[in-house]
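Below: a set of structures, written as structure tokens.
Shared between the two complexes below is subunit A, which has subunit B as its partner in the first and subunit C in the second.
So, the complex of A and B:
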């Protein structure tokens, strides 16, 4: 989940130009709109209910018709950046981590896509007491590492403590902050390597329990602990920085071979006991990944479906905009797709430090050409219009449309112009930036955006930034951009994990995700208060209300889309299921068709 | 741009360059009243049917390039408006043209482009206009610079020749495309304020100057070689004995003998720069959307060819026709000027 550094699927590649085989089946035109082609699912499956101890018992329900054996091959443009669980935050790394990392809790996905939070290493989803300041988990029996040794509470604690080490800065920080009560938690505790243990984590080896005593209440700790950043690591086999190269598995598969940026292979872990695992099935004997395959050649390979590609899946990118029409209008191809809505929001952050007048920010919201942008992404197949900060997956989500975007998705430039005139800011310069180099779609959206802004009386200036340094540049406090392309996926499906990182004024710093640099006292205060509500339903309502209030009064962002992605798989791949958390195939449910 | 040595020799020679153009003309009819070599070449060229047809095609491209705004006005569309986005009946939900053949119709002769729905016909006209402008300017500059430096180095010899020779070596060995891709954003960052858009003229000027900076070397080297052979000939010796200045010898004695290779090089260079410029735009440096450009069109065409082959067809075909015609024209010019080399 985490920060959507995961780029749009609308990836395109220059390399595709090299394979210009003018196939005879190419049609000259697009044909009309036929709604029967279907834009894909309309169900958001990212919301999660909390399961019982019963749900947390293994083994995972068998999938009908699934058989053991074979190899599933995944294609991706880039390698996994980290294998060390404490350094995993990025959705793409997590998609693989599900095969070899286990946390105290985890998400159990039903065949219809609905999710439950269950105990993975723990027997249930934990017991909360003391108003969310104390959490206790009990470990299951029969948990083993890939060398056959027992997985103990010490190993679970070690995984938590490694999150404080100097080399694990890439991981999540929620638990560390809650345990120490400080955002600068590394100054309080420096990791387990000098022999000291963390005060707030108490273990009982005989009873196999682990207890967290938090400094600040965290009613949703059971969700936080499902993040791979808090996965268990064996005390005996911890190789510190080198662990990133050769992690030890407690899941159904272990790392067999890895040639960085080329390929990776996962083989079966014989010591994994399915009876301990309510989440994972493990049908294929192995998984292999091939890196460096850009999305257009990747889709062309899967469309052709020849030879080994019959056992192949799109592991990272979805079907790009250039191929989506072909895939969705060819029944044989459409059959080989899965699709789902992402939990995250794609939006444009308005730099509130530079655009200080809320009226101007509202005018930007009114003027933004959502319909044109989405058509460039591939129309309804690319997603739903977003009108709020929280996505429908978030607990407590309430539909709202402050700027009437659903009625006028093409943008209301007249209204925007009137607002701008009222604010006395006609001709206001707007520096718009987007990551350049990977996605051709943004080269097109910039044109419709500039046209709409001109029509609304702004003076648009388009300033693309190279995609490799994009985040570094827009996350600088003193950047010179007014409107910045951005995206955010919640770390767990709650309003806190969206609104706190994006709008809490206390987090503003270089590299912060509060790209809008919004710092409003009443919002900061409301975030603090809402975080303490222990009743999930009440908390959900409070976050939804705050969402609407922020958008109405401050309008710090322009919500764009909740995106839908289509993924192709080969004809011999069975059990295809979309994982809304990490927007990918659920690897551990796939099987090879006989 | 980054050749430190080029400004100094180029500066004095630029002046004489004009002289040479002026002096070359009287040089031709001087031969005889009946038939000058130039006239003979013209007659030979007229007999070459391929050459004449190619010349007409090339002239046609230049004419529509120059007249693009007029044609667009008469046709009633412009290359910047996103017609398809403004009128939902033109593009379907996936962003592809609703009508067959890329949305070709009475209103949009060549169809509209996928996703944005701009008019392909006017876009292509302006693309041809921009590409030809850049390629012609570059070819002229490259030839001028190449002549000046190559002749000087060849005639003066010694240290000058050595120095120029090494500069040429470096330039020819330089990975140009990589250089463009890596330095382009850096240069623009330096020249353009962070809250201003990059002006198109700046892109065009820097494109031309970068391509010129790297392009003159091969012509200069070729001409230097020719001059080395020529300067030991008797007529040069004779000119030296009569006390002619080096400039006079270079431009009055040597240059007239070199027009054949120069013309051939220039006619080959122009289509090369058309493709180079398109290639750079294809790679994302140089002109970019919304400025119409052949390379940008090709880049998009390559993305959509599976669902909208028509869009690829127009920029692709026109470019192939233009480049082939210009290369054939170059061949014919060579045949006409230098009949001994004829097959």
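So, the complex of A and C:
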């Protein structure tokens, strides 16, 4: 579910390259600053809940007017980097994986954009006991692989165990760490290839159950298991490293052809039973993808909407700035767009090791010129002003605005100056950095940022870093930057998945995502406590409260925008829906219009 | 001639060796870690070490370079993917394919694009230049000169996008550029798919050839030996083609050799603009992915193309200009 490092760079180019996304169709997500001039073809609520066993039963609700058959074509500048589920982490790869990989749990997305966590391979979202240290799932009946053989509980376990193998370094590590109690989990277990099984995973083939006995409690394991890194892999057909080229499907489509970096084709898997699947619809007979198409020619093709392009979607890149106005002002084109809010956040990390006084960090928050920055990105279409760490898509989100950014999005430099004076830090130098060379927008935002900082009594020093090494440099603990452009997309839509990686002092190291290097005992303690709350709704409330407390007392980051995405599709494509988790079309809900 | 070729080939091998070494060592100078790509979102030191081992970049840099060189001559064994037989240019872990097979897979597109465009721009460029030279100072000359000036100031990524938008998407006059069909599978589809890139490349390259042919011919036509030939009573046509044209062609062949070599090394912007999958697109991917084996492979191909075409140009010189003798 994550955009992860590389994808975040790509995602950045999508969001910051200008008006990549239509203005405001967040209708109840609580973004607080959305307008009502809706755009695109769907409204969006961004509501996350945990579903019941009933919700986990297939088939997925029919889409009115949808018909079976035809081919949907996707255009993208680059190929999927991995097809092996255990090596999938990027959102882009997950968007495709939904067609052929199934996990114990998954997200059922409603037409209004709200999401429910449901059992996918499992009959429900699992049974937790022992304070979150034990989880049990039961497999559904009728699950098959693409060759017609049964998908067994051994296959589910095999997928989990492959996550320990030496070649699956790209995938998620949450479950491995929880099962072994160690971040160095490969020293405890080396994967299933020497015939040994993982101690903490117990299966009962007759009852079709799989039980996880964790060393550390993880009340959100059912969310974690929805990540494709924990997808099932058939024991009999596991080809280790080569599986990445030729994965075996248990979803509605299977890999039919793949010319790396050129094209990929998915064809119907006849052994997939829709009755087992509450999530996927699978109307088209096939999907084809064409790689190497840059965003501008891609948009032009979709705007022209001729021939086969009528059945085509933007598979990954959004509409580029050069074509936004045309699309927005042409009703026929606007009809063919989708727009949505992601679970992620763009922000500026304040280096708390260098800027030690919380008052100075609060002053930075007051001074930051959100309005001017967003105008450079393309206005409201680029995203909603972020006034909290957690986005409206996160379970338990509660609107808050500690620094009054909605009232004064242009920045309150007077208040910032007063705070700075109070702290005795007038004239404080702020070394600001951003990735240079990928997006021209940052060359403009640095100017409005520097102006605002000067006006608030700071002494801004701009030190850009080449985009190719940006993350490597700002994630060094001894870096010489005070404020660093950054972004985060959580691995599942919960407060834990945002606050723990960004603010847990225990994670501070070179390469850590706690770029602020925030290490405050009460926050570390609160993260530990919240992580143990077993009731999802209560946990959601606790994370939202912690978000507000962190921002009020420590202000370790300057939230900027909750990202929006804006995609175009051909006139014969129906069922277009935005996936907030993977920032793409929900492929399995698309259909070819008659 | 043979001695010349042997000497230049050996020289070329040394140049390629130096280029590969520079690329190899420069790659590691950049403050980025190729292992991070495969290390996941939460990258622990243990995982990073494991990835380095998997990618074969745990050894000291000179040792890695030695292994790479060794692979070219005797092949290499990879623990996870088996044997890569000589000449092994390495294994691209990002694409999970041997580098050489990817390059060979992409080369037909690049060859088709380069040769086709070269045919168009040489015929049009040299032809227009000749007409301009003959009609020196007249309206035709002025039109040709101005058109070439405009052409040479255009950029592929602008003309290409506009041409695709109007000619393919709006007016449907030409097929949208693609490389779906190979020359041997479906020559008509192959031709259609590459027509627009050829024409756009030609608009930009033609300009150089027009201007150069014109100025060379104008200069040669005023040379003493041409005037002598005319004075001896040879026809205008004979003087033009046998004396003036031949003399004027030498510098054009030089430029053509370098242009073709560069195109064969990967027309990066052209391939990117038209969404073609040639060596140029491969180089961009290699840089994006921090994929050293792939980067080395494409740089070597690009360098080899330029070096080889330089040798060919030098050899052709001797044929078209009798004053040049190769030793």
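One rule holds for everything that comes next: the second predicted complex is superposed on the first by the 547 of 594 C-alpha atoms of A that agree within 3 Å, B and C clash if a C-alpha of one lies under 4 Å from a C-alpha of the other, contacts with A are read in each partner's own complex, and residues count from 1 in each chain.
Rule of thumb we're sticking to: contacts are C-beta pairs under 8 Å (C-beta built on N, C-alpha and C of every residue); 3 or more make two chains touch, one makes a residue touch a chain.
Owing to the predicted nature of the structure, the values given are computational and were not obtained by experimental measurement.
When the two structures are aligned on the shared chain, A:187 is found in touch with subunit C, with no touch to subunit B.
Of the two partner chains placed by the overlay, subunit B and subunit C both lie in contact with A:296. Of the two partner chains, subunit B is the only one that A:376 touches; subunit C does not reach it.
Within the superposed three-chain model, A:429 lies in touch with subunit B and out of touch with subunit C [touch as defined at top].
Looking at the shared chain after the overlay, A:170 reaches subunit C, while subunit B stays out of its contact range.
Once the two complexes are laid over each other on the shared chain, residue contacts for A:147 go to neither subunit B nor subunit C. In the superposition on chain A, the residues of subunit A touched by subunit B in one structure and by subunit C in the other are 296. Contact residues on subunit B toward subunit A in their complex (touch as defined above): 82, 85, 91-103, 114-116, 185, 194-197, 282-284, 288-290, 298-300, 302-310, 312. Of all residues in subunit A, only 2, 4-6, 78, 81, 89, 166-167, 169-173, 183-184, 186-187, 240-242, 244-245, 260-262, 290-294, 296-297, 300-301, 303-304, 306, 468-469, 471-473, 491, 501, 511, 513 touch subunit C in the complex they form. Taken together, the subunit A residues at the contact with subunit B in this complex read 12, 14, 16-17, 20, 22-23, 26-33, 39, 296, 321-326, 328, 369, 372, 375-381, 429, 431, 436-437, 440-441, 443-444, 446-448, 450-451, 461-463, 466, 480. Residues 30-33, 36-44, 46-48, 50-51, 53-54, 80-81, 94-97, 102, 161, 164-165, 169-170, 172, 176, 271-277, 281-282, 285, 288, 290 of subunit C touch subunit A in their complex.
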